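Down below are the structures I want you to see.
Across the two complexes that follow, subunit A remains constant while its partner is subunit B and subsequently subunit C.
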Partner chain A sequence: MGLLTIFATTVAVTLLIHLVPGDPVQIMYAQSQGTTPEQLEAIRHSLGLDQPIVFQYLHFLGRLLHGDLGYTIRGHQAVLDVVLQRLPNTIALAVTALAIAVAIGLPMGFAAAYWQGSLLDAGLMILSIGGIAIPSFWLGLMLMLFFAVDLGWLPVSGTGPLNILLPAFTLGLSNAAIVARMTRSSMIDVMSQDFVRTAEAKGLPRSTILVHHVLRAGLVPVVTMLGLQFAFMMGGAVVVENIFAWNGVGRMAVDAIFQRDYPLIQGFILSFTVVVVFVSILLDTVYALIDPRIRRS
Partner chain B sequence: MTAKPLLEVRDLRVGFRTGGAETPILHGLDFAVNPGEIFAIVGESGSGKSVTAMSLMGLLPRASARIDAGRALFEGEDLLHLPPERLRAIRGSRIGMIFQEPMTSLNPVLSIGRQMTEAPVAHGRASRRDAARLAVEMLERVGIPEPARRPRQFPHEFSGGMRQRVMIAMAMMMRPSLLIADEPTTALDVTVQAQILGLMRDLVRETGTSMILITHDMGVVAEMADRVMVMRHGRIVEAADTASLFARPTQPYTRDLLAAVPRIDGDTPAPGPARKTAPPVLRLDTITKSFGGARPALAAVSLQIAPGEILGLVGESGSGKSTLGRAAARLTEVDGGTVTLEGRDITRLRGSRLREVRAGVQMIFQDPYSSLDPRLRIGRTIAEPLAIHAGLRGRLARARTGELLAQVGLDPEMADRFPHEFSGGQRQRIAIARALAAKPRLIIADEPTSALDVSVQAQVLDLLGRLSVERELAFLFISHDLSVVRKMARRVAVMRAGRLLEIGPTAEVLGDPRHAYTRALIAAAPIPDPAQRDRLTRAAPPGEYPDGPLRQVGQDHWVAA
Partner chain C sequence: MPSNASPTPDTAANSAANTSAPVRRIARRPFWLRVLGTVNGAIGGAIVFVLILSAALAGWIAPYPPAKMAVGGRFGLPQAAHPLGTDEFGRDLFSRIVFGSRLTLTIGAIAVGISLIAGLAVGLTAAYRRGWVETVLMRSSDVLFSFTETLIALACVAVLGPSLQNAMIAVGIAGIPFYARTCHSAALVEVSKPYFEASVAAGAGHARLVFVHLLPNVFPTMVVVATLGVSSAILAAAGLSFLGLGAQPPDPEWGLMLSGAAHYLNRAPWLMVVPGLSIAVTVLGFNLLGDAIRSAMDPRRQG
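Moving on to the complex of A and B:
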């Protein structure tokens, strides 16, 4: 399944370059003055654009299997190197953001479910609507203004261990809201299940019932959703990295798009796909750990 | 009774808050349970029997329910007024509980061993290791094979009957002095029910535990209980020892309840006019169907139904009886064989031709709650087949809908209401009216009364029987309940594991069963007569039965060899 997704992406990525109306090479180099037609032809040839599209694709696939993603048009660096250099930064950002989302969202949703219908529940859920509604670029700017500019606690932008906090929170907070809502509905669902009544009838302490029976069973759908969330976070990273000048693939991608650096854009899309597929496989494993019914089948 | 009762309930009153107002549910119950006895609480839905159990356990929904008055003295303590922590200490250790749904009453993500041991550990009765040893012992005691390896398994690896055994083992872990069983066998097949009832009776005798058995089934009461309390609308109708309640019910309601229970040793419908010459309305020829499992859902099943005939089809879960019903209506494609409806081979029909034929065969399903569209006024639900099959619309359709409602015993004025405004029995009448709308020659009724209370069931069965006679309407009457089939059908077919094992006149098949499985089914069916107790087979029936080709053993009577 994961392999199929990656394969489909390679096709899409090859076609991408042809979706641009007109001659891609001309568009790529439209901004640079004084490129001669001979140079353009050489570039066309080096990109393989003078061959039929099937050959282009097979050629691309062949190089890909050797780990060769081609060279960037600006600076002529290996695309793979450029991507690999920045990918860890983006993954670090997305993982931190996911951790923040879970650390805030899970207890929030759990508390809201436990005191369902109370003022606390209503308050938390209103807060979470806010979290979902606020666009991340605005939230990012506000956090930056408050914590970095006014209080001066955290660096405004750049890449580094402390610098990760503001972009991670920007990305994590809105996702925390989604995690909270999901956790709440899942927990409420589980609390009305027959087996929770059985646990109560056994005279187990309330805390045991909540932690061992409700939380564990209620986590199954939450974990499923976290896989999707991670993909969204990788996407959200594109915006947030640009706000905070975080040196990840998202920022690289935006630069590449503005500079029409097609090989780099291809590399970006492919690397994203691989990461997202990998994470969903990882989560399927976690899923099986929680739910024995999945484990056996 | 001179002995001091184990549990003494006085003037128990419980109310539920809905919106602003409080509705009383229990109107002052007085009863006592003696040490070592099986005390049955019997009643129809809404009688308050489960609420009674839940209030004793302190498990009423905190948000909506309130105990308004009463005392429940259990071993010297008032369960209704204990602080929650004290009550929790009693719950599970001195009072155990078993629920109806074994499929959902165990936590799917925790191992059996974990679920069995956590209570003794939490109550401080045993170390983890001792509890684990005890769990294996209990699993063995309730008849689970290979008990030593079971604690590591998860609920989905057990069948329904096995899960209920696990539930019983779990509830008995700490040798409670009172066991509350709320419809413990209602969700189980009849042969499994017989085993579980036998097991519970043995366990209770052996340990001296008292049991409160909550049930809607008079047969189960007769098989199990020492004393019975009949409830209705939150009040006690009467309470007596089981033998005298069945022999001499003093209240009209109890008498009606007993009269409404279909009996496996009861009457069958009188033989009607023989219609041997008429071609069958439905003929199934060696139909097979597989869903890809190890064994087929249907393995070369053949049968036919004459016009106006009611054929009972009996089997336990997984027997293929519902698949057969669906195949007869072409709701399921068969892999092989032919389905002939009114002389027409419909096995391969498609599109409008199929639609045309389908008017002749209609279905009634088990669950009247999910088989009606909740957002459609019932008049429209019934008018839909009228428009499709008879082209009736507008005022004509409305008039016809009114007639149909009247025929099933409902007020034609009700056509503008929504399904939620009706009771279960009324909804099933609506489903019958919908089925009649297409003027079918055959109705496939799949457990049409299994979700209904006995008194309502009796009315719906009467209605179906009357319709069959009046309109010469044939029925394939699918049921797990032999007694219901006995009451309805002149001919009965017994299925197991996708095969037809016995088919013949009802009186003959049930009176003189020729197949071992039919005998096991009959022996397992509870009889609402305490005098016939101790018939229950404890031993699990054999896993294998002869299932070869049918061979004739009497007139119209065929048995698998």
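Moving on to the complex of A and C:
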């Protein structure tokens, strides 16, 4: 599945430029002045756009295997270098945000499930319904206003170890609500299972049942959802990076779309997909570790 | 991302499967009463009703045209003439919010319309034709789904160019895989039911099987998905507009208004409160309404 996705991405990325209404070369260079028709033709040739599409695709694949993603339209830098320089920032942001989402959402969901039907449960669930509705870009601006502008505790924007806190909390809080809801329904499911009743009947202490039976079994669906959550974090990072001027691939992608820098856009889509696929494979492994039913099969 | 708020294809299909159970027949109250009679349904319905009202009557409600500059001073604080204050061009914020509801509802309707129609077409075709057609369609949906909606929407905007219309199309296209998957799993449940086999045995034609039997039976599931989908479409489109990839100035689009206000974070922080709150309340409204419709359709959830 992962390989199929990456394969589909390479095809999509090659086709992308041909779906552009009008002449992509002209659009790409519309912002640079004094480009003659001869120069445009030369550029078309250097991008391989004058070749048959199947040949273009094979050529693209060939270059890809050599780690060559072409050059950006603005500044003529190697796309791979530009992407690799920023990708770690985006991954750091997404991982930190995921950690925050889990650290907040998991205990919330667990508590809501344990005291199911109580006032606490109702309050937490109202909080999470509200949390899902709040746009991340608005939350980000509000956090910036409060912690950076009013209190002056954190830097407003930029890329650095302290700068990661605001964007990571923005992304993390937005998703903590979803993690909480998932955890709650998963735990409630497990708590009504026969093996939990058996454990209670055996007279095991409440804490043992919660940790060894409920938590462990209830975590399985939550962990499977984390791959998707990570993908959402990567997607959400596009918006959040732009609010906080975090120097990642999301900010790069939006600039590239404005500048019609198609090689860079291709690089973004490809790197984004590879990271998401890699993480989901990684999580499948973790999934097998906590779920013996899968490990043995 | 907001699409998390939607049900998974399987649970949505299950709830649709259960609507045809006999429990539905003994329900005394009409369907819309069961939806609006719950707390979620009442709040969600009220929010959506106010939105539609505001969009329909924007010309009467708003005291000023949305793009008219200098109707008050720049960065005016809320006052009697301008209940929400004025923005960086001296435009009346309240008028812009009211007119913005029109854009928001249009975005939601068109984006969901695209996802819904294409998703129904793909899902029904896959479930009805089976075989390699199903494999190809559903595999592609799975692959597209794993791209995430944000990436698909960004790629579409990259191809089409930034504009409000293209943002709606992009968000609509980005939603197709999810709608297709949900529709497919709901249709599969119907295809395996005895009435469907009986119809096939009775010699019903393709059109009859798909439009008279399958479509009406997957429709309840898709109504839930679409209602919840309006909120994620609105969120996604507002995000694109916020980035400058959707609505363009001087459109009174809420996401765009937020990005305008962000430039004056120090000077006029109150300008950010209302556009953001409007988006949040709208999304909340559609989420609550969608939840209420889902509960009303699911007999297991009824008290």
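Rule of thumb we're sticking to: the second predicted complex is superposed on the first by the 297 of 297 C-alpha atoms of A that agree within 3 Å, B and C clash if a C-alpha of one lies under 4 Å from a C-alpha of the other, contacts with A are read in each partner's own complex, and residues count from 1 in each chain.
What we mean here is this: contacts are C-beta pairs under 8 Å (C-beta built on N, C-alpha and C of every residue); 3 or more make two chains touch, one makes a residue touch a chain.
Keep in mind it's a predicted model, so treat the numbers as computed, not measured.
*Asks:* For A:205, using the defined touch cut-off, is the partner it touches subunit B, subunit C, both, or neither? Pick first, second, both or neither.
*Replies:* A:205 contacts subunit B only, not subunit C.
*Asks:* Let me test your reading of the model: by the given contact rule, A:95 touches which partner, first (subunit B), second (subunit C), both or neither?
*Replies:* Neither partner.
*Asks:* In the superposed model, which partner reaches more residues of subunit A, subunit B or subunit C?
*Replies:* Counted on subunit A, the partner with more touching residues turns out to be C.
*Asks:* Looking at A:234 after the superposition, I want to know if it touches subunit B, subunit C, both of them or none. Which is it: first, second, both, neither?
*Replies:* second
*Asks:* Would you check which partner chain A:273 touches, where first means subunit B only, second means subunit C only, and both and neither mean what they say?
*Replies:* In the superposition, A:273 touches subunit C alone.
*Asks:* Would you check which partner chain A:142 touches, where first means subunit B only, second means subunit C only, and both and neither mean what they say?
*Replies:* The second partner, subunit C, only.
*Asks:* Identify the partner contact of A:195: answer first if only subunit B is touched, second if only subunit C is, both if each is, neither if none is.
*Replies:* The answer is first: A:195 touches subunit B but not subunit C.
*Asks:* First (subunit B), second (subunit C), both or neither: which does A:213 touch?
*Replies:* Touch partner of A:213: subunit B, not subunit C.
*Asks:* By the touch definition above, which subunit A residues appear in both interfaces, subunit B in one complex and subunit C in the other?
*Replies:* No residue of subunit A touches both subunit B and subunit C.
*Asks:* Hey, which residues of subunit A end up touching subunit B in the complex?
*Replies:* Listed in rising order, the residues are 117, 193-195, 197-205, 208, 212-213, 216-217, 220, 290-293, 296.
*Asks:* In the complex, go through subunit B and note every residue touching subunit A.
*Replies:* For subunit B paired with subunit A, touching residues are 57, 59, 63, 88-93, 96-97, 99, 101, 104-111, 118-119, 122-123, 154, 156-157, 167, 170.
*Asks:* Under the definition above, what is the set of subunit C residues touching subunit A in their complex?
*Replies:* Residue positions touching the partner: 1-2, 4-5, 139-140, 142-144, 146-151, 154-155, 157-162, 231, 235, 238-239, 242-245, 255, 258-259, 261-262, 265-266, 269, 272, 275-276, 279-281, 283-284, 287-288.
*Asks:* In their shared complex, at which residues does subunit A touch subunit C?
*Replies:* Answer in residue numbers: 1, 4-5, 8-9, 12, 16, 19-21, 129-130, 132-138, 141-142, 144-145, 149, 175, 178, 231-232, 234-236, 238-239, 242-243, 253-254, 256-258, 262, 265, 269, 272-273, 276-277, 280.
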